[in-house]
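First the structure, then my questions, so here it is.
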C-alpha cells in the first residue's frame, strides 16, 4: 500500500534532468568561491549539503514515475529550498520572506496532493503509466477539476499572478547561487509538472482551459515586467523578470492548449516547442544574471543599483558576462533569448491565421500585442539594470572599493555565458530536436511547419561578425595616423562631472513610471528642505489587496474561535452537555 | 529636399557623406569613464545595419531566396538599439542617460506595432520572408483598407524607430528635445561617423522594407534586364516619394512631448485591431 | 419502603440545589447517599445477592462517612463557607430542578423503573450544581450527586460481576478523595475556593 | 502467561519507589521494567502478526492486531519517557524544585498510569476499559498538579472535573449499551470479542443513545473539540514527560476505546451512519485547534492544541472508513505518538534551560542550544507531515480517502486546516530557533547536551517506521484495518 520510489525515463523527464544538471554544474563551480563570503557567520557545509539535497530532489521530481514519489520529492524540494532561503537567518526580513515562501509552496503542495488524489480516484492508481492508460476516457468535467487543481498547484510554485508574491520576496533573500538555482531551475520543475499533467495525462483540455492559461500567462508577463521596471534592487528586478518569462512560457502553453482543442496538432507542437525551448534558454540566462548579481553583491556588498555604477572598470569579466546575459534576455540575436522569443511570437501569429473563431482570434491578437509590449519592457528593464550597475561612474563609496572576485566564480559565469551564445547560435538544431519529441507527445508524425530556414540565423551571425571585423580593420587603419585623446565627459558646464549628475536607475524609468506607475502602486515623495530629497516606494498591489485581506479574515476568525478555549470552567462543562445534546439530536434524527 | 520645403536653400544631398568623411579624418575623444561598449559599440552598430541591408530585397525578388526572415531583421535592429542605449549610459553624462531612457521607452512602445505588422503580413501572405512577401504582394493590384491602415502604422513605427519628428528632432542640439543625438553626444570622430552612417542606413532599410512589403508594384520578379530596369526605376521613385512624405511630416509637425508621442501608440494598436477584424469580416 | 427512600433522595436533591450554605449542602448530600445505600441494601435483602450488600456498604462507608469528613475538614479552613453570588440564583435553580425532574420522568414514563428516573434527575441536579455554582466544593458535591445517579443507574440495569462494580465504586471514592485534597491545596494557594480565581491560564 | 509477567513487572515498578528512598534506583528500575515490557510486547506482536488473536483468563484479556498497535505505542513511548524522566527528575531535585519524596511519588503515579494504559490495551471487558480510563484520570490528576502552584492547580482542577464528567457520561453510555444486550448470556455480554461475533441488540434505539453518550463522554478524554478545553491547560502545566505521555498516548487510547465500541455499533444493521459523529467532531476539532494554534504565546499550549488537531485528523480518518483512510489514521496515531512526545520532551529541555514557556522570551536557539534546536525543527517537520517522514503518508492517505468518499467540502476544510497548522508551527518555531536580536551576544548553554538520548530514540524510531513502512508495519496496520473495516 505504501509505494517505494519509482523512476522513469521518458524524454520529457530526460530533457528536464538535462536542464537541471546543465545549470547545476556552473552554479556548483560558482558556489565554491561564493561561500567564502559566508565563512564568518554561517556554517558552510550546511549550505553545501542543502544545495546538493535541493538539486537531487529536483531531479527526483522530474524523474519519478509515481504520484507518491513525485509528491515526496516535491516536498523535499520545498523544504530544502526553504532552508536555503532563510540561510542568512541573521536578518529578520529574511525569516519573514522565507516563512511566506514556505507557506505558499505548501499551498501548492496541498493542491497537488488533492490533484493526485483525484487522479487516483478516477484511475485507481498512483502509477503514471496506469494513469496514462486510463486517462484517455476522461469526461470534460473531470478534466476541468484536474486542470484547475494543477493550475493552482503548479502555478503557486511557478509564481503566476496572483500567486506570484513569494517570488520577489524569496529570490532576493536567498544567497545568489541559490536564487540562480531557484529561479533558473525550480520554476522549470513546476512547469514540467504542469506540462506532464496537461499534455500527457489529459491529452489536451477543453477550450476554456487553454484560454484561461493564455490570459493568465499574459497578465503575469505584463504585470511582473512592469513591476520589474521600477525595482531598484537588482535581485528583485531579476525575480520579477523571471516571473515575466514564466508568464511568456505559460502563454505559449495556452496557445498550444487552444490549438490542440482545435485539433491543429502541428501548430500546437510549434507552441509547445517554443515553451520548452524558452525553458532551457531562460534557465541559462537567468541563472547567469543571478550569478552576476551575486558577484556584484560579493564585490560591493549592496544590491541597490542606485548606489552602484562604473563597475566595468574593476570587474571587467563580470561586466562582459552580464552584457551577454542582458542581450540574451532582451532577445538580441545571436544570443539565445531571441530564438525562443521568435518562436513564441510566431506561434501567436500562426495561431491567429489558423483558428476559425473570431473572438478567439481577437483574444490571441491582443495577448500577442501585450506579449510584444512585454518583450519591449524586458529590454527596457534589463538595459536599465546593466547600464546603471556597470556603466557610468560609481554613485557611492561602496561601488568604488570593490573586492576581487575569486576565479571559480568567474569560471561559473563564463561557462553560462558560453552556453548562452552556443544555444543562441545553434538554436535551429535544438529546435528541430525538441520539435521531434513534441511531435510524438502530441502523437503526430512528420516535421511540424515553421521550422524551415531557421538556419538563417547562423548565416546572419557569421556575416555580422565578418562585416564588423572588416569595419574594425578599417577603423584600425584609419585611426593609425590620428591622435587619440582621453579626457572627462563634458559635464554640461559644471567644473568636473560629479557622479550625481548622471541618471539613476529610478530616473531612467521615469517615463514608464509616469504611465504604468499605478500597476505597482509607485509613489514618489519630494520634500524641499535645504536640499531637495526624493524618496520613491513601490509595492505589489496584488499582495496589498489580496493577501492582506485574507490575513485579516483569518485573524478575525482566530479571535472569534479562541474565545471557545478560554473562559470559566462552568462554561466548559456546559460545552460538553450542549455538544451531547446536539449529537443526540443528530443521531436520533439521521441515523 | 527638406530644405526646399522649408523655403530656404539647403545644403546638397551629398552633404551628409561629406560630413562623414570629415569625421572619419578626425581623431576620437573618449570619456575616461567609457568602457568596452564605447570601444566596440559603433562598429557593431554599423556592422549590424550593413548586415541587415544584405537581407532585404531592393528591386528584385523571388520565391527561391532562403534568407530575409522578417523576425531576424527586426531583432537585428535590436542589436543597434542595445548598443546605442548603452553608449548613452556609458559616458556618465546627464543627457546620455536621459536620451537612452527615452529611446528605450519609445522602442518599448513601438514593439507592438512591429508585431502587428508581422501579424498582418503573415495573414496576407502566409509567410515571414521579406522576399516572398514582396513577391506575393507584387501581384496585388488594388489595396484594401486594412492594408493601408497597416501601412500608416508602419510609417509611424519607422518614425519612432529612427527617432524622427514627432518623436525626436535629429537636427537640433538643444539637449532637452533630443534622444538619439543625446545618446551619442559623447562620441566623436570615426565613432560618430559610424553611428551616423548606420542611422542613415537604418532609415533607408526601413523604407525599403516598407516599400517592398506594401507597395511592391513593378518589382522585378524575373531575372531579366527589362524587369530589373522597371523594378529599379519604380523603386527609386517610390523611395523618393517616401522621403518626400517623411520630409513633409517633419516640416508640418512639431516635435511633441515625450508622452504626447507615447499616446500615439495606443491609437496605432487600436488601428491594428480594426485592421485585423476588417480582414476577417470582409 | 423503596418509594419512601426515593422521595427522600429527590427532596434532598431539590433542597441541595437551592441552598447557599455549604454545611447544609453537605448535610443534604449525606442524607441522599444514605438513602441510596439503604436502597441498595434493601435490594440485596430482597434478591439475596452478595453484590448488592457489598455495593451498599461501600456506598455508605464512602459517601456518608469519608467524603463528608474530607469536605468538613477543608471547609473548616474557609473564611466564608457560603456561596456568595450564584451564577443562577436560588429561585431559578429550584425551577430548573423541578423542570429537570419533570423532563426526566416525562421521557421515561413508559418504563416502570423509578431508579432510572431518579438517576436522571440526579444527573440533572449534579450538572446544575457544577455549572451554576462558583465554589469548588459545590462543584465537587455536584459531581458526587452525579455519581449517586450513576449508582442508581447500575442498581437498575447492571448485569455485571462484582469485581467491576466494586471497581467503579472504588474509583468514585478515589476521585472524591483526590478532589478533596485538591480543594485543600487550592484553598491554601488561592486563599479561596472560588473558581473565579481560575483565570491565570490564558494564551 | 505474558500477562502475568507484565503484571509482576508493574507491581515491582510501582512498589520500588515506595520502598527505596533513593530516586536513582526507582528510575533505573522503571527503565529496565519498561524495556522488558517492550520486549514482551514484541513477542506478543510476533504471535499475533498473522492477524490471529490471543486471549487469556477466559477472555478477560484479549489481544488482536488493533490492540497491538496501541501496545506498541504505549510500550515504546514509555521507554523513551522513562529514560527522559530519569534525568529530568534528578535535575528537578537538584534544583530544589521538588522534594525527594515527591520524586518517589512521581514514579509511583507514573508507573500506575502506564499500568492502566497497558491494561486498557489488553483487556477485553468493555467496562474494564472504562475502569482503565478512569484510572488514568486518577493517576494523572496529581501528575498535572505536580509542582503545586496556581496554574498547575487550576489546570488539574479543570482536568479532574471536566474529564470525570465526561467519563461518567461514558459510564452511563456503557451501562445502557450493556443493558441493550440483556437478551444474551450474562457473563458473556461484557466481552468485546463476544459482542463482535453476535452484535444484534434488543433495541437499536438504546444503542444509538448509548453510543452517542460514549462518544461524547470518552471524546472528552480523547480531547475532541469542543470538549477539549481541559487539554491545553493540562498539557501545558504538566511536567514534560507526563505531557508527552498524555498527548502522545493517552488521547489516542481514549479514541481506541471509542473505536472498540464503534466497531460493534458498525456491525448493527442501520447504524453505519454513526461514522458521521467521527467526521463531524473530527472536523470541528481540526477547525478550532488549527485556528487556535495561530495565536499562542506559550509553546507547550501550542503543542497541546496541535494534539487536538491530530486527534481530529485521526477521528476524521476513522470516520471516512474506507481502507486507505483508516490505514492513514492508524499510521498517523503511531507517528503522532513519537513526534509529539519528541516535541514535548524538547520543549521540556528548553523549559528547564530558559525557565519560561513564553515564545517571545526565547530567541536564536540555534546558537544557544543547537542540538535541541535541530530536534525542534525535526519534530516540526514530523508533525506537519513533511516527507519522507511517515506523517506525510498518513495525512495524504486521509486526503485520498476524503476524495474517494466524494465529500469534497471535507477535503477542502482538511487541507485548509493543515495549511493553518503548518503556518502557525512554522511562524513560532522559526522564530524560536532562528530569530536573532541585533546586538545581542548568544552563548551556548551547557544544558544543551543533557537529555538528548530520548530525543534521538524518538527520531530513530520514526526513521525505523519509515524504513519498515512496506514490511512488518504495513502488515500489522493492515490487519488492524481489516478488523475495523469489515
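Going by the order they are written in, the chains are A, B, C and D; count residues from 1 in each one.
Assume a residue touches a chain if its C-beta (ideal position, glycine included) is under 8 Å from a C-beta of that chain, and two chains touch if they have at least 3 such contacts.
Computed from a predicted structure; not experimentally measured.
Nearest to the overall CA centre, using the mean of each chain's CA atoms, is chain A. The two chains most heavily joined by C-beta contacts are A-B. The distance from the centre of chain B to the centre of chain D, each centre being the mean of the chain's C-alpha atoms, comes to 78 Å.
Centre-to-centre separation between chain C and chain D, using Cα means, comes to 31 Å. Separation between the centroids of chain B and chain C, computed from CA atoms only, is 100 Å.
Residue positions of chain B in touch with at least two other chains are not found. Residue positions of chain A touching 2 or more other chains: 562, 569, 573. With touch defined as above, residues shared between interfaces to two or more other chains in chain C number as follows: 127, 130, 139, 195, 198, 201, 203. Shown here, the protein chains touch in an arrangement that is not a line, ring, star or fully connected set. Of all residues in chain D, those touching chain C in their complex are 125, 127-128, 131, 134-135, 137-138, 141-142, 145, 148-151, 153-158, 160-161, 164-165, 168, 171-172, 175-176, 178-179, 182, 186-187, 189-190, 232-233, 236-237, 295-298, 301. Interface residues of chain A facing chain B in the complex, by the touch rule stated above, are 309-310, 312-313, 316, 319-320, 323, 326-327, 330-333, 338, 341-342, 345-346, 348-350, 352-353, 358, 361-362, 365-366, 368-373, 375-377, 379-380, 383-384, 386-388, 390-393, 453, 456-457, 459-460, 463-464, 467-468, 471-472, 475, 478-479, 482-492, 497, 499, 501-503, 507-512, 514-515. Every residue of chain C that touches chain A in the complex is listed here, in rising order: 87, 127, 130-134, 139, 195-196, 198, 201-203. Residues of chain D that touch chain A in their complex: 157-158, 161-162, 165-166, 169, 208-209, 211-213, 215-217, 220, 225-230, 232, 270-271, 273-274, 276-277, 280, 287-288, 291-292, 294-295, 305, 324, 327, 366, 381, 386-388, 392-393, 396, 399-400, 402-404, 411, 415, 418-420, 422-423, 426-427, 430-431, 434-436, 469-470, 474, 478. Those residues of chain B whose C-beta lies close enough to touch chain A in the complex are 24-33, 35-37, 40, 43-44, 46-48, 50-51, 54-55, 66-69, 71-72, 75-76, 78-79, 81-82, 85-86, 89-98, 100-102, 104-105, 107-112, 114-116, 118-119, 122-123, 126, 128-129, 175, 185-186, 189-190, 194, 258-259, 262, 269, 272-273, 276-277, 280-281.
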